[in-house]
Amino acid sequence: MSDVADISMPHAEAAPRREGLARGWFRFRQSRLSMVGAALTFVVLFFAVFGMMLAPYPEHVAGGIETGLRFLPPSWAHPFGTNELGQDVLSLTMAGTTVSVLAGFGVVLIGTLIGTVMGGIAGFAGGWLDEILMRFTDLTLTIPSLILAMAIAAALGPGFENMVLAISLSWWPGYARLVRGEVIGAREEVYVTAARAIGASPTRVLFRHILPNCVSPIIVKMSLDMGFAILTVAGLGFIGIGVRPPTPEWGTMLSNARSYMPDIWWTAMAPGTAMFLTVVGFNLLGDGLRDILDPKGRR
Amino acid sequence: MGEALLQIDDLHLTMSSFDGLAHVLNGVSLTVRRGEIWGVVGESGCGKSLTGLSISRLVQSPPARYPAGAIRFEGRNLMSLSQREMQALRGTRIGMIFQDPTTNLNPTLKIGTQLIDVALAAAHHDSSILSGAKGREARRAARALAVRMLEQVGITDAAARLDSYPHEFSGGMRQRVLIAMALIGRPDLLIADEPTTALDVSVQAQILALLRGIVADHDMGVILITHNLGVVAQTCSHVAVMYAGNVVETGPVAQVIDRPAHPYTRALMAAIPTRETRRGELQGLAGTVPDLIRPPPGCRFAPRCNRATEICRGQFPAMTPTAAGHSVACYHPVIEREVASA
Amino acid sequence: MLLFLVRRILLLIPVIIGLTIIMFAIARLLPGDPVGLAAGPNATQVEREALAQEFGLDRPVWGQYATYVTGLMQGDLGRSLLTRRPVAADIASYLPATLELVFAAMAIAIVVGVPLGLLTAIWRNRWPDYLSQVVAIGAISMPRFFLGLLLQLVFAMWLLWLPLGGRLPIVVMPPPFVTGFITVDALIAGDFSTFVTALKHLAMPAIALSLSPLATIMRMMRSSSIEVMAQDYVMTARALGLPRRKILTRAIARNAFSATLTVIGLYFGWLLGGTVLVETVFDWPGLGLYATKAIVSQDMMPVIGVALVIGLIFVMANLLIDLAYGLINPKVRYA
Amino acid sequence: MPEPVLEIRNVSKTYTGRRGLFGKSDPVDALRDVSLTVARGESFGLVGESGSGKTTLTRSILRLEQPSSGQILFHGNDMAALSPRSLRRLRARIQIVFQDPYASLNPRMTIEDIVTEPMLIHRDIVGLDRAARRDRAAELLSLVGLGSQLLRRHPHEFSGGQRQRIGIARALASGPELLLLDEPTSALDVSVQAQVLNLLIELQDRLQLTYFFISHDLAVVRYLCTRVALIHHGRIIEEGETNRIFDAPQTEYARTLISAAPEVRVPA
């Protein structure tokens, strides 16, 4: 079947394949879904930065209450109606983007950092250190992550930072396992043996030869995880552990809306849909990135 | 000489890719008769494997397309058959063996199951394979046939080995199982794509001897695809040399290897070190294989050929006979006397 | 095989110890005032101290841990500050509800997801495939609690087809306890109307919970089927004239499913812990709801107990998956 | 006989059975009492089929693995007895070219990075600053028949044959005297193989290199090597002058191996 492999590069000796950014971008653009994901992500990031400023009722975002305007159904003035405090749901939802996106970024970044350090050391060192670190990782994985995050968040007390920290502490094992697997895979690569044969120091081997070749799957996992991190943040808010009012947050908004169902159903629609679209955006983007950066990990 | 078993006529194949349309096969012609073992040789990317897969119509299309050409099997044009009709030919009339014996067997199924599946599928189209047995009877007959086939390819204790999984066999043994699988439906044409490339030399010799014996016993036609001229010399009766999607020289092995007429064939042979080659005197072939998306006009070998002239860069040379059964696609073939003095 | 099982079961011991240490560390080393919350805002200093003493919270952490582990060996998971009941008894009454929900969701996910994944792999790059890919991404991205709310709104509040929440209406007597799964127990008792009622209660939470694993299993099955279709042995099977259906069942379904199995195992554990939100939305009296109430009041013994039980079930589930994997894949052997 | 560069004395390597979760695997004897001597300036060929222990021996010479028993001497010094510092210095003098030209170059590095890395690691020996290293890399590239304008490129832009030349340039960068050639041409097409073999011969003549050439291809070994050893199941079966082994093999294994190898008679 040797020539089948050659189909992709029928001119193996002549003009070796150009696998550059241009080609990746071309493939990314080919996939309409990836483009939708990129567009959605862009919109979400836009609202994360400017949502508070663009909100039609900034005073509501700041915590202002207008009891006279309680539970107004959707109208031109309030496209998604008003809530039990008379606040404009659209404004709160727009402003809520910031907390969700920041928390999502925070969780994924901290999780990646801890996970990469743990997995990198475990995979590179091997032996008993690997054994200890991975046992600990597996142990953390057996604890249901949402309950772990809830317990930590509850113990640390309310607040944005505590919530992000709590979720991150239940988030890193996935990265540790991914990075360890990648490092072990890369460690067996011939070019790593070549570097060792030259006499490269272990640090050089790790930072120059192994880690740079593990970056793609990590980036892909980060973009896929963003959506789930945002969902977890909202989940904590929904249960009532998380950011305290008046800071607008989608999960808390949904939780409040639930108390007035089914008659006042519209207060749930904007935050729920925003959450859904945000996660869809990050997932589509992640899928697209995976297809171009890490075709092996396609599952 | 009997009727042609397989006749490939001017087969063209293109592949679309990111970089453009690659002209992978550029008018391949080949005729195989019963009892002949054709070696198809060439370097990677020359289109030899795609030629083999095209005969079984196993090239995925798209991206592949066949703009022109015919493949006639006992007179029927395979290019016009439906997938269903084609499937009826596979295994029963045309058998195939691939390069890597470790990946070509299903790791989760017993050897016996895999052999029996193929036998039953073949019996579906040609009931004589299991002497017309039906239902449970057919399964039993297929099992017995599987044992006989394994014995024929030299696996001892065949009945017991039917219940083994592929990973319990060595590479050479697995290739024997695959040969048994390819032959269990009694095909008339066997296409073997680099069947020994993944094996050690000593095992390679055994497998090639096995193939030769089987062809003699069954009066089949064989296409042996390889990059190794030594394997061709050892095994084949005829050879077709391919370069960049073209057959450039065909003929009986003795003829072609003793008196290679195409400059590429000669270069290929000169690149292999032999007993007589002195240190530092091996002749490499300068230049690179052409880009099949933008192939050079005329003869595709011309840019690397030291005999090329203006005419070579104009139009592709047609196959011209030089001796009995020996043809070459070259405007300036090397004639016998020159070879002798080279 | 037996040796393998024994070794794997022995490995549970360090898992239990590790789990309790981690949970204990969170419960006792992080700031928080569980006693204050349990005693109420009006409690005096003396009352608080009495409560702390009753629950051993005045002692050093390692001493509390030692007591806990000693109790654990006798099946005692401690007492809840809030309900003042033994945690083990609480968990025993809530666990079946959660398991029933998870099993139902998993069953939906596997029964629908696996064949759908295989079909979309066969239809690759045609419109049914594209459509189901888009739907799958949507299903994975849908917040379970929002979906739950939407389902409630449509089916329970507008259409009035299904009940809003809970396992059974208060007026219906639950069937005699056998498995703890009300649907199963009702069937055992031969009480068909209770079975239907229970099933109606189960439907929405199970669907809300199943959507994301369903989509994941489908995507996994699809991609591993596609991967297997590109294997050399599938090419050989085609080249030797095996009918398409046979190739699918023999080569693809079998090899692709073994990859999907691992995902199913992981998801099972994930679902056990992930029921929290769905249980909250549907007032499903399960472990998640129990844990949530405990967490909000920083009542840590139930939380440790729940984490321990779920962790152990997760490990056991993965052990079963490994065994199943070995049955499908002859190369994995047990010494 | 000229002074020996590399002496392998009674080296054995046993991989102990690994006790994993899924049970225990049997111990494997990868090398059994292997003794070989490679003299300065010669091309020594080691021939074996897959699983014969070729790779383990190479890795042991490079000290990527420790032999279970026996000694490997480089210029008379036992490599196991060297301090980490001296071992690192020694690595500059023994270099390797790998079989797979696609896997042996780090895809994230430029050709310049790849070729200058050995000089950077051994800058205390090589003694070149950044600019000088780049000049030397360009020099090495032209030495192996590639243009120095390719320094900024990445490995994926090159064909198999070109990559193998880059691999050779990297191996030469630290100024080694002994090159381990681990099947350097078996992943290449014959016409490219011929180019690389000729390059190796040219380099040996110019730089007075010693070659330890590992291959399963008898024809290639006979072309390149002056002395040959046959290895089978971790044991040296036969050793001697190339012509002697090919013309009058002493052992049954050598005879089967030589007779099994297909050969093309070049038209005389």
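Of note:
Note that the chains are named A, B, C and D in the order they appear, and that numbering of residues resets to 1 at the start of each chain.
Here is the rule we go by: a contact is a pair of C-beta atoms (placed from the backbone, for glycine too) under 8 Å apart; a residue touches a chain by one contact, two chains touch by 3 or more.
From a predicted model like this one, the values you see are computed outputs, not experimental measurements.
When chain centres are taken as C-alpha averages, the shortest distance to the whole-protein C-alpha average belongs to A. When chain pairs are compared by contacting C-beta pairs, A-C ranks highest. Taking each chain's centre as the mean of its C-alpha atoms, subunit A lies 23 Å from subunit C. Work out the mean CA point of subunit A and of subunit D, and you get 46 Å between them. Taking each chain's centre as the mean of its C-alpha atoms, subunit A lies 51 Å from subunit B.
Distance between subunit B and subunit C, defined via averaged C-alpha coordinates, is recorded as 54 Å.
Looking at subunit C, one finds that residues 232, 235 touch two or more other chains.
Shared interface positions of subunit B, i.e. residues touching 2 or more other chains, are given as 43-44, 98, 100, 227, 288. Subunit A has residues 1, 12-14, 18 in contact with two or more other chains. The touching residues of subunit C, when paired with subunit A in their complex, are 14-15, 18-19, 22-23, 26-27, 30-32, 133-134, 137-138, 140-143, 145-146, 149-150, 152-153, 157-158, 219-220, 223-224, 232, 235, 259, 269-270, 272-274, 276-277, 280-281, 288, 291-292, 295-296, 298, 300, 303, 306-307, 310-311, 314-315.
Subunit A makes touch with subunit D in their complex at residues 12-14, 16-19, 189-191, 193-201, 204, 208-209, 212-213. The residues of subunit D lying in touch with subunit A in their complex are 62, 64, 87-88, 91-92, 95-96, 98, 100, 103-109, 117-118, 121-122, 156-162, 167, 170, 174, 189, 192.
Within the complex, the subunit B residues that touch subunit D are 43-44, 200-202, 204-205, 208, 227-231, 233-234, 257-260, 267-277, 279-280, 282-286, 288, 339-340, 342.
The touching residues of subunit B, counted against subunit C in their complex, run 56, 58, 87-92, 95-96, 98, 100, 103-109, 113, 117-118, 121-122, 124-125, 165, 167, 178, 181-182, 185.
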